[in-house]
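Several structures are given next for inspection.
Both complexes below contain chain A, partnered by chain B and then by chain C.
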Partner chain A sequence: MYTKIFKDGLSRRRFLETAASAAALAGINTRVLAADKVIKIGFLAPLTGPVAAWGKPGLDGCQIWAEQVNAAGGIKLADGDYMVEFVGYDNEYDPAKARTGATKLIREEDVKFVMMLGGDTWPGAQPVADRTGMLFSTLLPSDLAPDTETLLAPAEVHPIYNVTGVEWLAENKPDLKTAVICAQDDALGLPSVATYLAAFEAAGIEMLEEPLLFDPATTDFAPVVTKLIAKDPQIVCLDTCYSDYVHPIAEQLFQQGYKGQIISCTADFYDQMIDKTSVEFMEGFIFQFPDFDDPALNDEAINFKNPNGFFAEYTKRHPGEWGAVSWEYASIMDLWKDGAEKAGTAEPAAVLAAMKDGGRGLHAFGTADWWGEDLFGIDNALVGNWPVVVIENGKARIKAFKSIPEWYAKHGDLLKKHMAAYGQMWNQRG
Partner chain B sequence: MPRAVSHIAGWLGLAVLLIALPHALSFSQQEVLVFLTINVLLVASYRLLTLTGEWSLGHVVIMGVGAYASALYSKQLGIYVPVSIILGALTAVLVAMVLSYPLFRMKGFYFLIGSFAAGEIIRLLWKRFRDPFGGPKGIKKINPMPDLDIGVYSFDFFEPVSYYYFALAVVTLSLWVMWRIERSPVGLTFHAVHWQDKLAQSAGVDVRAYRTRAFMIASGFAGLSGALLAHYIGTINPNSFDVELMVFVLTWAIVGGTATFYGPILGCVVLSILNEVVLRELGFEQMRPFIYGLLLICSVLFLPNGLESVVQHIMRRRTNVQAAKASRAGDSARYNVEERTEP
Partner chain C sequence: MVELLAQTCLNALYAASYMSLVAVGLVLIFGVMGVINFAHGELFMLGAYAVVALYADLQLPFLFAVSAGLVFVGVVGLGMERALFRPLRNNPLGGLVASIGFLMILQALAVMGFGVRMEHVPPVTQEVITFSEKVHLAMPRLFVIIAAVILLTALWAFLTKTRFGWALRASAQDPEAAALQGISINQTSRIAMFIGAGLAGVAGALTAPLVSVNPHMGHSVIVTAFIVIIVGGVGSLEGAVVAAVAYSLVHTFVTTFYDGVIADIVGLSLMLLVLIVKPTGLFGTADRA
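Moving on to the complex of A and B:
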């Protein structure tokens, strides 16, 4: 039968020719002209599978970033201008594939910098990073430890920035005094639980129950939500749940008649959540990741270049796909580009030194400090202001920029207490 | 050429090919080769379990038992890594023995579901008990295989080529042991338990004991593959041994076919190369799950007996051609003899 198919319709040669042509066409948009001097940047994140929502939109954002930078003349180093090209590798959020991907990007593609989502995948790539001295970035500072000297968390200090949402909530809705939390029981959920517990305690908000930790394999959230709202909390906190969980939980809260406040780290694709619930139900939903068409991002303190234009281009190319990470990897590239141009070279060690020079950096939301020794054992996280976003009439709007260092100066001990209780301090891991 | 000589030449050729193979590959393909070698052991051990007719959904969790045990023995107790790998495999045997008491009260579909439940319980225990299992984050910085210098070759086990040779040696030995078991009276009894369990029982075979034996032996080799994995990547967590990987193992076994020893291995090799090398190299990075799924459907539709049926088809044709040649040669010789002996 199999030979008959090839005989009658499709020869092996024809199949290979077609496949090769398709592959060439697929890659044509992302390549720069062969005559240009090129710097390759590795993108090692989940592009397929359940965690792809925190990888693929980032790569899409980076392609736009590269086109804009290349159109403006590229990266200006001591020996000339270089175009930027991103090389992606789908690690499927698997440490073994992260190791393979890191090997391919560093030893075969000769990339000068590797961006990762981090989490479960960083320990797989770490031995390769240690051996090669390659500069890596993560979105999850909980990957940082004293021995991760070439790993930076320059975009977000997850989950510490979640304190800003709770702080804003306590200031603006002081009558809300009781809360519950649910989260998936994994490397992303647990440090976030500890952070929210510290933030609620600092704000004088009482927890009605112990945090409800559900298995990441959960698909039916009806019983989870029933248990969650059994004591009629004023605030339901969705922690740092993946969008595959945030959506069904919000839907269940709506169906089970919950009318209180919801706060969450992310609300990726919130328009779909509104479609599944209602504009009224989602009104006042607090989270941490703005749409970049927000007028508040045009403030001169913001370092992300042309956020409104970036958002317009992104949503034109990928309608309905804007999410928490769409801009984050691109903002890391802004920092890396500044570091490389300052160092005059793309060599990882020199760029790292230039990026950390003076202990301050131009974070997307304003100038920030390299910080983290207290929590992570190393000052490799860039921390400053972070936006608090609220859904109003079906649209996400920035309500305030709150300072993470200021909160930490007042309540740092609380955070350390809860982090330690959940085994999330760097010296308690693994 | 006599058959025995051609067999030896074939095996020697395969050995040379496997030894030379990593040097013809890129760095990332060498990494894939290491994982592929480990997965070959996993899927071959799974077939050993299916010999008695039982299909388990907990096999990768048993692999995880070996991985966790070996990681903890070396990290917490300071046991020398090669020894901890063997102890990890033995721990998997032990856990399989304990699980066999409730599981082998069930058969068929009930066993399948029971094995899934047992596996999930073990995974939940890893998540629940942060000490010693590390909770959802698992165990990191697992001791690597210590480097080894044997004069002619220096093994740096961070490098995929060195670890591949180590894994290849372990897997080859394991496959040989599994092959001998299948060919032994015990293996024949496994087949009897699968196809004629009532008859076997009436002949005095303790069916449950043989099912337990197959389960324990298969689990030991699965645990060994888990231990090999843990000491290579240096980190494991409960998600590394979830139902998604189990689906891959089932797919390798089904697409390869389970009637022969090499069927699941063939499925594992072909599908892994397709998914991890061919589709990535062709630039279908994000389309892989779609294309992979499509090819699986096609293979089930057009190759219902698995890839092994293709090999069997080729072998049969080769045998028929050789037989025809021999027959023609025989006819010709007979004709010549008859011609010469005619008065």
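Moving on to the complex of A and C:
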């Protein structure tokens, strides 16, 4: 940041020299030489605007992924090795811009695969996907429907993996029996509410109140928190919220004297939450997205390549910016690369068939199944184990990997019941 | 239940305080200049970023950062008056359109200068006043309440006890008559813009450690501010304060006892009800409405 740079006494001349050198070095490291054969990958996500935190860090992660893959020789297809290059398009989380971006990436840039955050922007891109047969990915499997067979959710099954956090909580803190939920009232928050309700019901945890929904335009969370803790819940669930909400809600819980358990889908930039509350207050905070320097990720079952090294490189380049999506788009590229190399081509239909071949895939956290017909009408979500992360002494640590399919085999009907109640089944979405 | 009511009242008092600062600034600009300043939310945002730069990054004292935020945003307001609003004074919609364009510029500048991500502002203090087991007031929220009372009292004194204040009120009541009395419309516009923008800036600066500071944070603030000034009566400073208190009470109580989404609907319904029953707003007059 500007002020941080100049605080350290950097002169204007020195700043310009450094910037020029960095730009030149970056060019040497990342630029694909003109003689190389290149495969372009589209990155169609919010890079600016309120939802950029779930787009931009993913593109940063992909750039590191591309450099590592290109340095190792690129993508090895039947007709030779190809370098990989990402083409970003900022859809600003706007469906109309997503549609324009999808068209531009496919027609003008000739990309072979398009990665999206999904959610509100998917309906914009969907007609383009249907018309062109392009292979797309989303981070939000609630976008999946049988109408579009070329949309995959290979990284995360949001919000279904949230059941693993509640299951772990019930196993490890069985005395906690009452809970409340607050959630943003939108396409991100509502399916997550249904999932948490199912998970709490499966765990025998009583809901003290109906889920408290708030407008995404909310800025002052004091009234929300006052209502949340009015009945002394043992567990406060923050659902799936943008970090712009998770942080002030956690701060309000601290300021209003809450001392119970907190569970949340994400806790991006949790060090800042600790700064605003205390290490003691945040102790035991449960969420679902690990730091990739976690020793548990060095297990043989983990398929994400060199997670500790990736984390070190990412945090070196983008200090303090590691978040939930920093690794996810890169992990999708691992799957895509394996599929393309298996198919011997980057053509979307062939890669899709290769990725889904045998009904199993190498998910970041272990081998997983292509799954989802029950909930999404199509088996295009890659589902297996998911980590449960707990803050201990100010640091996020993976406490367990829990199986989503195993939970679903036992409690799937509960999940469908709550999803249907919130109008979130694939055939209920308009 | 008594504790819940007490905590809700404290929450409402805080919300009313910062919203009063924003709404009074907006009303002052409209009253004197006849301009609906759509960029007012972005002036609030600039105040918050002043605290990010000076307090969070350069680690200067919070009070200094807030004061600098007030002055900086006030000066930006002066620039807006000179470059945007004065040339378009005779164009009824010109100021409105120019302010919409300017808000986009301010948002883009914030993105370029600070990035798209929420900024981290360390807490000024973690002290909390505990009235009972379930009634708490964090010190930073108390700071906002105290600052709002002091600033609004000072503004009231300025408007009622000083020659500049009288000139401002005269310009607001009838600009042509004021000009005939030798009052400089340019001068009163500058003063109104500096104070109005400065109030938005100081509200953003004071609340920066309590909210998510990002380039788009002004949007929700301006929507609420418009509801408040319509309910209070466009052009009425007293109305803005009363409506900010009323709106904050209603919104906070409905959020606490029902739902945040219903609270928004009730807030908008309140505005519609006032428009139907008294189209000029609670304290508005037909002249300005």
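Operating definition for what follows: the second predicted complex is superposed on the first by the 400 of 430 C-alpha atoms of A that agree within 3 Å, B and C clash if a C-alpha of one lies under 4 Å from a C-alpha of the other, contacts with A are read in each partner's own complex, and residues count from 1 in each chain.
The rule we apply is simple: contacts are C-beta pairs under 8 Å (C-beta built on N, C-alpha and C of every residue); 3 or more make two chains touch, one makes a residue touch a chain.
From a predicted model like this one, the values you see are computed outputs, not experimental measurements.
Engineer: Tell me which partner A:K276 touches in the superposition: chain B (first), chain C (second), both or neither.
Structural biologist: second
Engineer: Looking at A:T132, would you say it contacts chain B, chain C, both, or neither? Reply first, second, both or neither.
Structural biologist: Neither chain B nor chain C is touched by A:T132.
Engineer: Have a look at where A:G423 lands relative to chain B and chain C in the superposition and call it first, second, both or neither.
Structural biologist: Only chain B is touched by A:G423; chain C is not.
Engineer: Quick one: is A:N308 in contact with chain B, with chain C, with both, or with neither? Answer first, second, both or neither.
Structural biologist: So A:N308 meets neither chain B nor chain C here.
Engineer: Please work out whether A:G88 is in contact with chain B alone, chain C alone, both, or neither, and reply first, second, both or neither.
Structural biologist: Only chain B is touched by A:G88; chain C is not.
Engineer: For A:R99, select first, second, both or neither according to whether it touches chain B, chain C, the two together, or no partner.
Structural biologist: After superposing on A, A:R99 lies in contact with chain B but is clear of chain C.
Engineer: Going by the contact rule set out at the top, does A:N172 touch chain B (first), chain C (second), both, or neither?
Structural biologist: Neither partner.
Engineer: Touching A:T48, do we find chain B (first), chain C (second), both, or neither?
Structural biologist: both
Engineer: Determine, under the contact definition given at the top, whether A:Q68 touches first (chain B), second (chain C), both, or neither.
Structural biologist: Neither: A:Q68 stays clear of chain B and chain C.
Engineer: Can you pull the chain A residues that chain B and chain C both touch?
Structural biologist: In chain A, residues 1-2, 47-49, 56, 185, 215, 217 are touched by chain B and also by chain C.
Engineer: Could you list, by residue number, the parts of chain C that touch chain A in their complex?
Structural biologist: 4, 7-8, 11-12, 14-15, 53-54, 57-58, 111, 113-118, 120, 122-123, 126, 128, 130, 133-134, 136, 138, 141, 210-212, 214, 216-217, 219-221, 223, 251-252, 255-257, 259-261, 263-264
Engineer: Which stretch or stretches of chain A touch chain B in the complex?
Structural biologist: The contact residues of chain A facing chain B are 1-2, 5, 19-20, 22-24, 26-27, 47-49, 56, 88-90, 93-96, 99-101, 103-104, 107-108, 120, 123-124, 126-127, 131, 185-187, 189-190, 215-217, 423, 429-430.
Engineer: Help me check something: in the complex, which residues belonging to chain B touch chain A?
Structural biologist: Checking each residue of chain B against chain A gives 26-28, 31-32, 35, 124, 127, 130, 134-141, 144, 158, 160, 229, 233-237, 239-240, 242-243, 276, 280, 282-286, 288-289, 302-303, 310.
Engineer: Using the touch rule from the top, collect the residues of chain A that touch chain C in their complex.
Structural biologist: Checking each residue of chain A against chain C gives 1-4, 7, 47-50, 52-53, 56, 185, 212-215, 217-220, 222-224, 226-227, 230, 243-245, 247-248, 251, 255-257, 269, 272, 275-278, 321.
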